[in-house]
Every structure is written in C-alpha cells, then in structure tokens.
Amino acid sequence: MLRGLSRAGLGAIGSDENMIAAASKYGFQTVDVDAKGLIDRNGLEGARELLAKNEVSIGSIGLSVEWRDTEEKFREGLRRLAEEAAAAAALGCRVCCTYVLPATNFKAAHFAVIATRRLRTCAQILGAYGISLGLEFVGPHHLRTAWANPFLWTVEETLDWIAAIGEPNVGLLFDAYHWYTNGLSVADIDALSPEQIVHVHINDAPDLPVEEVRDNGRLYPGEGVIDLGGFLGALNRIGYKGSVTQEILSAEAPTQSPEELLVRSQQAYDRVYKAAGLA
Amino acid sequence: MLRGLSRAGLGAIGSDENMIAAASKYGFQTVDVDAKGLIDRNGLEGARELLAKNEVSIGSIGLSVEWRDTEEKFREGLRRLAEEAAAAAALGCRVCCTYVLPATNFKAAHFAVIATRRLRTCAQILGAYGISLGLEFVGPHHLRTAWANPFLWTVEETLDWIAAIGEPNVGLLFDAYHWYTNGLSVADIDALSPEQIVHVHINDAPDLPVEEVRDNGRLYPGEGVIDLGGFLGALNRIGYKGSVTQEILSAEAPTQSPEELLVRSQQAYDRVYKAAGLA
Amino acid sequence: MLRGLSRAGLGAIGSDENMIAAASKYGFQTVDVDAKGLIDRNGLEGARELLAKNEVSIGSIGLSVEWRDTEEKFREGLRRLAEEAAAAAALGCRVCCTYVLPATNFKAAHFAVIATRRLRTCAQILGAYGISLGLEFVGPHHLRTAWANPFLWTVEETLDWIAAIGEPNVGLLFDAYHWYTNGLSVADIDALSPEQIVHVHINDAPDLPVEEVRDNGRLYPGEGVIDLGGFLGALNRIGYKGSVTQEILSAEAPTQSPEELLVRSQQAYDRVYKAAGLA
Amino acid sequence: MLRGLSRAGLGAIGSDENMIAAASKYGFQTVDVDAKGLIDRNGLEGARELLAKNEVSIGSIGLSVEWRDTEEKFREGLRRLAEEAAAAAALGCRVCCTYVLPATNFKAAHFAVIATRRLRTCAQILGAYGISLGLEFVGPHHLRTAWANPFLWTVEETLDWIAAIGEPNVGLLFDAYHWYTNGLSVADIDALSPEQIVHVHINDAPDLPVEEVRDNGRLYPGEGVIDLGGFLGALNRIGYKGSVTQEILSAEAPTQSPEELLVRSQQAYDRVYKAAGLA
C-alpha cells in the first residue's frame, strides 16, 4: 500500500509542484493533484519528469463533473471530463474519485436514478482511459440531516449503487473516518475483495460519542481513537495495493507550518503502519 | 390502437380462455392474460389456435418477478421469468408490465438503486425474447403516503428511471387514471414519442377533487371526468399503435354479470374512441 | 420528413454559413454541418440567430472520433466529443452519424468487439446531451473486398450490432444508395420502426449491374434507377420524421456552379417527393 | 488455490455423487459438476450435506445455454439458466464457465456482435445470483482453421471481448493448455489482476512443436512440457484464490481404472504444486 498525500492537512503547501516535492521529501509515494493542471503548466514531458524525479505518482484525481445538481451543470462539467481523464492517464494515474453526501435536497429516489445515469456516463468516459471511478461513502451523522432527505452512506448501500451503475470500473473510496463513523469493523473490510476498493483515505477521530463526530473535525492518523492498525492491516490482508492518502479536514486552518505538518504526517504514517505490522 | 381487455372490470369472467372468447365477441382485439398458463393448459398449438380463432392477441403479460422486496424473493421469481417470456413470445406478445408504487417502506434512495439493477436484469431477459418492459407510474395521491418514504410517480421521474435502467426495451405503461391524477395534459402526451410507451390502460375517474381520487375507485371509460377523447387523440397523434386496455380497479366487485360488464365496456370504448375522432 | 443538404453534391459551396443561406434559399430545412465550428466562429447566439434567420436546423453532425483505428487515436478523438455534442445540443441538433465500412484490415471479430465498446462510450457521451448516434451501413459491393476481412454491411447485421452496443440512443443512418446496393426492398423499410432510423441520406444510382455500382458514383435523386418514390413513401409510412439529406459522392468534383447544383438538388427533391406522394 | 477435479481425465467415474466422494478421498477440494442435477437428485439439503460431508465445494458449473448457434437455440437454453444459477448459488458455487472456439462458420464480425449480446444477457442472469461468467480462450492451432472464419483466441482478444460485454462479473477461464499453445509466458499472467480470472484449468502437453499440439491430446499435470510450476506460481503471486481444476481431454478413453486415474491425478497435483513452491 502506497503512502499518499492530499492537500487536506498540509496547510498552505502552495502549488501542486510544491506538494509533489514535499511528498517526496517526507517519504510519500503518491499525491492527489489535478493532472490536467500539472500538464497545462509543465507540458506533458515536464509533468512526467517532475513526477519521475520525485519518485511520486498521482494517487487520484478528483471528479470535477458536478453530478449532484442540475442537468445543465452536469452537461457543462462533462465537457471537460475526457480531457481530464486523458491527462491523468498520460501521467499514469488510474483513479478518479468523488464523494457521496448522505443527504440531498432533491427527492431521494429521483436523485438516485438521475445520479446513477450520470455516474455511469462518467465511469464510461473514465474507463476509456483505463481509469476507475471511486465513490466515497460519508459517515458523520450530522451530515445525514444536513439536507432534507436521506441518501446513501453505508458500504452496503454504496456497493448496491455500484451494482446499479453497472460499469466494471467503479469501486469504493474507503475512508477511515467514514468506516469509523459508520460503526464498521475490521470484519467488514475482510469481507471485501481488493478490486472493490479503488482508493483509501486515512485520518483519525477525536474521542467523542460517534454521533457527535464532525466531518471537519479530523485528526492526523494515530492521534485519535480509530483503530487504524486494524484498518490498514485488513486492507493489506485482503490484497489492497493502492494509495492510502491522508485527508485531514478541519474547521480551521492548521496553525503549524507546512513543514511541521509534513513531519507530523510522516510520523503519523510511521506510527499507524507500524501498528498494522506493515512498517 | 387496439382495443384491449384485462380482468379488472369484468367481474367473474372465469378462465383466460373464457376471457379470450368474450373479448372477441365484444369487439376487443387484445387481452392481458398469463401466456405461460395458456400454453400449459392448451399446449402451444392449442393456445395459438385459440387466439387465432378468436382473432385476439395478448396485449401484455404481467411481470411476475417480485422486484420490490427482498433479494431472496427477487431471485426466486427471476427463475421463472425466461420461461414466461418465452411463452409470451411464442404467442406473439411483445409486452410485459409492472407497476411502480409511489412510496416504499425501504429507504428510498437505497431501494431506487436496488430496483434499478433488478429491473435491468428483468429487461435484459425479456429483451432476449423480443419483449419490452413497461413501467406504470401510479398517480393517486393517497398512495404517496401509504408507505413511509416517497418513491417515483411522475412521468419525468419514470423516464429518468428508464434512462438509469439503460436498456433499450423499457418504456412507460401509460394509464389514463395516473395521467389524470398526476395532473397531466394532452400536451404532456404530445411531448412523448411512441416508442416511449409500450402499453396503455384506460378507465375513468369520479368527479371528486383530484387529491381525493382513490386508486380503486375507477369508472368505465366515459363514465367519469377524464378527458379520454383528448387522451386517446394524443396517443394516436404521436403514433402509438399498441393496446389500449381497460383496467377498472374497484373497491368492491361489480354487481353486474360479466356479460353486462362486457357490453358496458364495449359501449364505453365506442364512446371514447368516437370522442377521440377514432371511431 | 425534412429536406436536408450535406456538402456532398454542392461543389465549392464555401463556408458552412454559406451553405445554411443556400439551403434556405433553395427550400431545404436542414443542413449537416459542424455545430462546434459554427459556434466557434459566430458565438452561440450568433449561430442560433443564423439558423433561426434562415429557418434551417442542423440535421446531423459527424462523429469526429476515430473508432476504426488504434486505441490511442480513439482516446485522442474522444477528448473532444462531449464538447462537440454540447455544441450540437445547444443548436438543437439531436443526431450524430458515422459510417461503417464493410471490410477491415483488422481481424474482423476482434475489431467488432473493440468497436462495440468504443461506440458504446460514444453513444453514452452523446446521450448525455440528448443526441442519438446513427450507424450507416454501406452497400457497394466493391468495398466489401477493399480491405482484408469482411465486416458488417446489412441492415440485419447493423441492427444486431446496435443491440450489442446496447444503448437506447443508437440507430441506423439509412442511405438510399446502401439500401439499393444491398438489394433491399420497400418491405424491408416497412419492417422497421421509426425510432430505429435516426438519419436518412438520399441520392441515386446509375443503370449498372448492382455489383458494379461504385460508392463514389452517385447521382442526384431521380436521375438514376433507385425507386426513391418507394423509398421515401415507406419511410413516411412507418412514421420517420427526421431529415432526408442529399449526399452525392462522386469521383470528380461537379462541373456546375454551386447555384446550378442547388437548383438541380431542389428540383431533384421536388421530383422524388412527388413520386412518393409527399409533394 | 483450491485443487479441483472435472470429469475429464477420470475415466468412468460414474455419478457426480461418486465424483464428489472420490475428490474428497484423493485430496481435492472442488469439483465441476451440474449443481441443478445434484439438487434434483438429492434435494437441496441432501446436496448440501453431501458436499459438506466430503468437504468439497463446486468449482464451476458449465454454461448450458447454446450461445454459438441460432437465436432459437439460444432462447431455448436461456429458459433454464436462472434455475441453474439459482441451484449453483444455493450450493455456494460462484462460477459458471463456457469456452470460446477460435473459429466459426458464421461471418466472424456478425457472430461477434450477436455473441456479445447473448453473453451479456447470460452474465446479467448469473450476476443476479452472485455468479461470475468465465470465458475460456482456446489455444490449439488446428482449431483456428477447423471452421471457416477465425474468431477470438488470445488473452488480449478475450479481455477486449469482456470489455465489450461490459458486465462486471465476466472474466477469464485460464487453462494451462491454452496458455501454452498461445505461446504465453509467466509475465503474461503477472500482468493480470486476480479478479480478471474466475476459473483455472490445469493439464499438460506432449513434447511436440506447439503448432501440432491437439486439443484432445492432453496429459496429466507434470507429465508433459508445460511450465506448470511457473503457471501456478504466477497465479498464486497475483492473488488468484479460486479452483485449479484438472481437465484432461483425450482422443481415447483412458485405459486405467478411475481409482488409478485418481491416484495419478493426486500425484500430478502434488508434483506441480511442489514445483510452484506451493506444497
């Protein structure tokens, strides 16, 4: 499993180019950045060299298509998806992710069928470039009532949705925070096969009743109460080989410098990989 | 457009064989019966002869697969679908229909994605035998709150669902009662193309506020307030060529004899076809 | 059925803007032009006004994606498809077409499965913008041996291919020349439903043994031996309502001026529409 | 990886019930038998007990649907598929396999698109019961010209076909004989992911020029020239965990008794598992 970084948790890390260099310096192997932007600014060869020089690859790009709103916005965003997928593929990235909010202001069943169709189209386009689509189920309880109608948030629901989408290249983005807030266990990971998981996020949760854990109250791995040793151990055991990417969403910007945050992140990974017997 | 009969509205009409003979006698061209049962009882050649002799064809079979409940029940019912589709196809029937309740006790979004996958599988099996699947949206308002969570009931929602199912052989079962209780107009029919409609039901509604119209309070065509002339005229104008099948769901069994009900049905059709300029 | 023009047969007609004006002047209602180019040069509002002012709409855009060659070229072209589809949709065009050569230098079965997957992806993207994909089967016999291995060229084969692609928005581009060179009859059209046909080409063939008719030896409608009255009559009878677009592929550029060719085209349409009882 | 037996190579082994007992006795963990027949003869509980008592599970059932011939035969066979899938699922079997002949008397491209659609329908039905469909590419050179037109036989072609079929539950049946006769290497296995392989056959080939190796000239594992240590080692390395099932197709029935053949099979497995470092 590859150690990965996203911007969330690194403070004012600066450009994607900076983040790539920082990831390399602090022992990370993948970064979640905008592949097309990297090529636009550096050229294809420049972007490839930058990644190669730093021995870093792209863990996942984000799905920029807005599939949760009007058909007009969906169509507008879809215009760019193939370009973005081509850019990601050109840099060796095989994953594109989006998150699924657990509630919606739309009528839930209607939104479900519209979103099924939209994500199928996105998956087909991504698939043409050899890229898988990861759907991130979202666990924090407060979000389940943050919009009018409940949507999907459990692993089972998300797997059922993936079956409805029906494309071979769709899987889970499995985030430790959502695993924890959904009350899941190591056995729930053991029940999955590795191809069902296309990306992993890692982070930690404060020692609060699980119902009170806020989506933007995340801690660095090992600084909270989630059994990340069990989490990583199970992912490794079932054969997951992709990125394990840090994502620390917080209500306020961190006060430490990017360098301090990178050291903290590196130590966090050392700690939880060791706890998982992977160090 | 073909004049069709279902059991609903004919009282104790007896066997499907009886209904076929009655349909023929009273000027109807199609019947909605169980094709497989007809073959089981009469043999394939016998069933064909019975239909040919009466110059009646089968308008639609019903989807016997239970797609609204547990996975176990779905799988159980699915075992028989190909046999039933093969029987229908052997008798020249090209349509299989099911209705969509406007509410569900399941979590709506989760049920939507599970049902999407299940109906796709049904559509694929039916498609192998040249049969289309018709989804009947259901309009009466009281049913929208008859189960815990709202599901799908408008034409737009149903068409969006058909797009999510994603198979070429899925369309609408368009029922005059649901057209009326959904507050739709002739223009809403004119906006459709004929291949979006695979089957039609006809019936009439009492002169009540539309919110109070009950699903099982249906009248014979022309005995109520629905603009059936406009309904049939629009279907004919857009090029619909299939069955227009009477379906009179009522709270209590009709008191007239089957013969009286058949006469009443025949006259009802004469009246509304004439109102539509089709007589 | 709408009278439509393509460039093929109009000589040096100049820009698409010129062709739109010419179509209008000579009684045509649709043109097959590049929607995105029209918007790029005139802006969206300018393009809309140009079409509205001339009372002309776009019959079909061409599929620019190269689906018949390497995966690299396919992916390269796919990057632009959503933009082109969005442009077409913005101008009210609902059709995008491509032709199917009846032979290939690739191993036929392998090419068939690769092309199935590629065209499904194209159809999905087009479908997101409400656009149908038309596949033009190609009849002239000499092309069946112009490459190493036979591919698909009959209506039946093409419909079977459309079923394999499996998307609801794929249909036939039905060209009079290919209908004729495939030895088809009016009954073959009568057996189709209108939604199976998304675009029509019209032209005529010289009085030669059908095996010797060359793909680029086409005549103006009514100047050859094809029963275009029967062709158009059948299309109208089954309910086809889209464009009937002239496409005169010829070995050498026409010697007449564009104006003369437009007059000739207009008279050709008058003739064959009259022969079909449609004038 | 589980040691599995099929009938091919066991001589007159008798009933499936006999084969289950024999598999158990000689150290095999799976058998390829007809699940529905087992239930028909023993009842569901009886069949489950028989398997449990012998500590044997079903590796794969065969796809009984005839997808290589007329539409009529396809539809006829399809009627039984859901029943067979339900039976397999009830006994815990998750795999159903069919083989792909490398040539066909049909026009190759047309057959490819028809078969794509048919196998998609089969895969959907199997998928409803949690069963994957394995496609066995077939390597022996003489079969490539045994029918009029070349079809598909390489891994790449078969994977491209699986992508065209487009269902998530379709993968390869990987047979050592076809791996060898296609001239494949250990690196070709290493390039696959485990979910691309749903079943494995093992056997050996005589020391002949590879072009002369006959499909029904197979030897027991370790008695020929195939690098089965490399084959099994690579399958294990990529994470394949399913059955490795012996299939010894021979021109003439074996002369040894079933017991002798079972001992020979058991020793064959001991030998090649040891060569792969798996013993």
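As written, the chain order gives the labels A, B, C and D, with residue 1 at the start of each chain.
By definition in this document, a contact is a pair of C-beta atoms (placed from the backbone, for glycine too) under 8 Å apart; a residue touches a chain by one contact, two chains touch by 3 or more.
Note that the structure is a prediction, hence the values are computed from the model and not measured.
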{"item": "Neighbouring chains shared between subunit A and subunit B, ordered by label", "value": "C, D"}
{"item": "Contact-richer chain pair [B-C vs B-D]", "value": "B-D"}
{"item": "Between subunit B and subunit C, centroid-to-centroid distance (C-alpha), Å", "value": "38"}
{"item": "Distance from the mean Cα position of subunit D to that of subunit B, given in whole angstrom", "value": "44"}
{"item": "Multi-partner residues of subunit B (each touching 2 or more other chains)", "value": "120, 163, 166"}
{"item": "Arrangement of touching chains [line / ring / star / complete / other]", "value": "complete"}
{"item": "Footprint of subunit C on subunit D - complex, ascending", "value": "104, 107-114, 116-117, 120, 149-152, 157, 160-161, 163-164, 166"}
{"item": "Subunit C partner contacts - residues on subunit A that touch it in the complex", "value": "74-76, 78-83, 86, 89, 118, 120-121, 124-125, 127-129"}
{"item": "Interface residues, subunit A side, partner subunit D - complex", "value": "163, 166-168, 193-195, 239"}
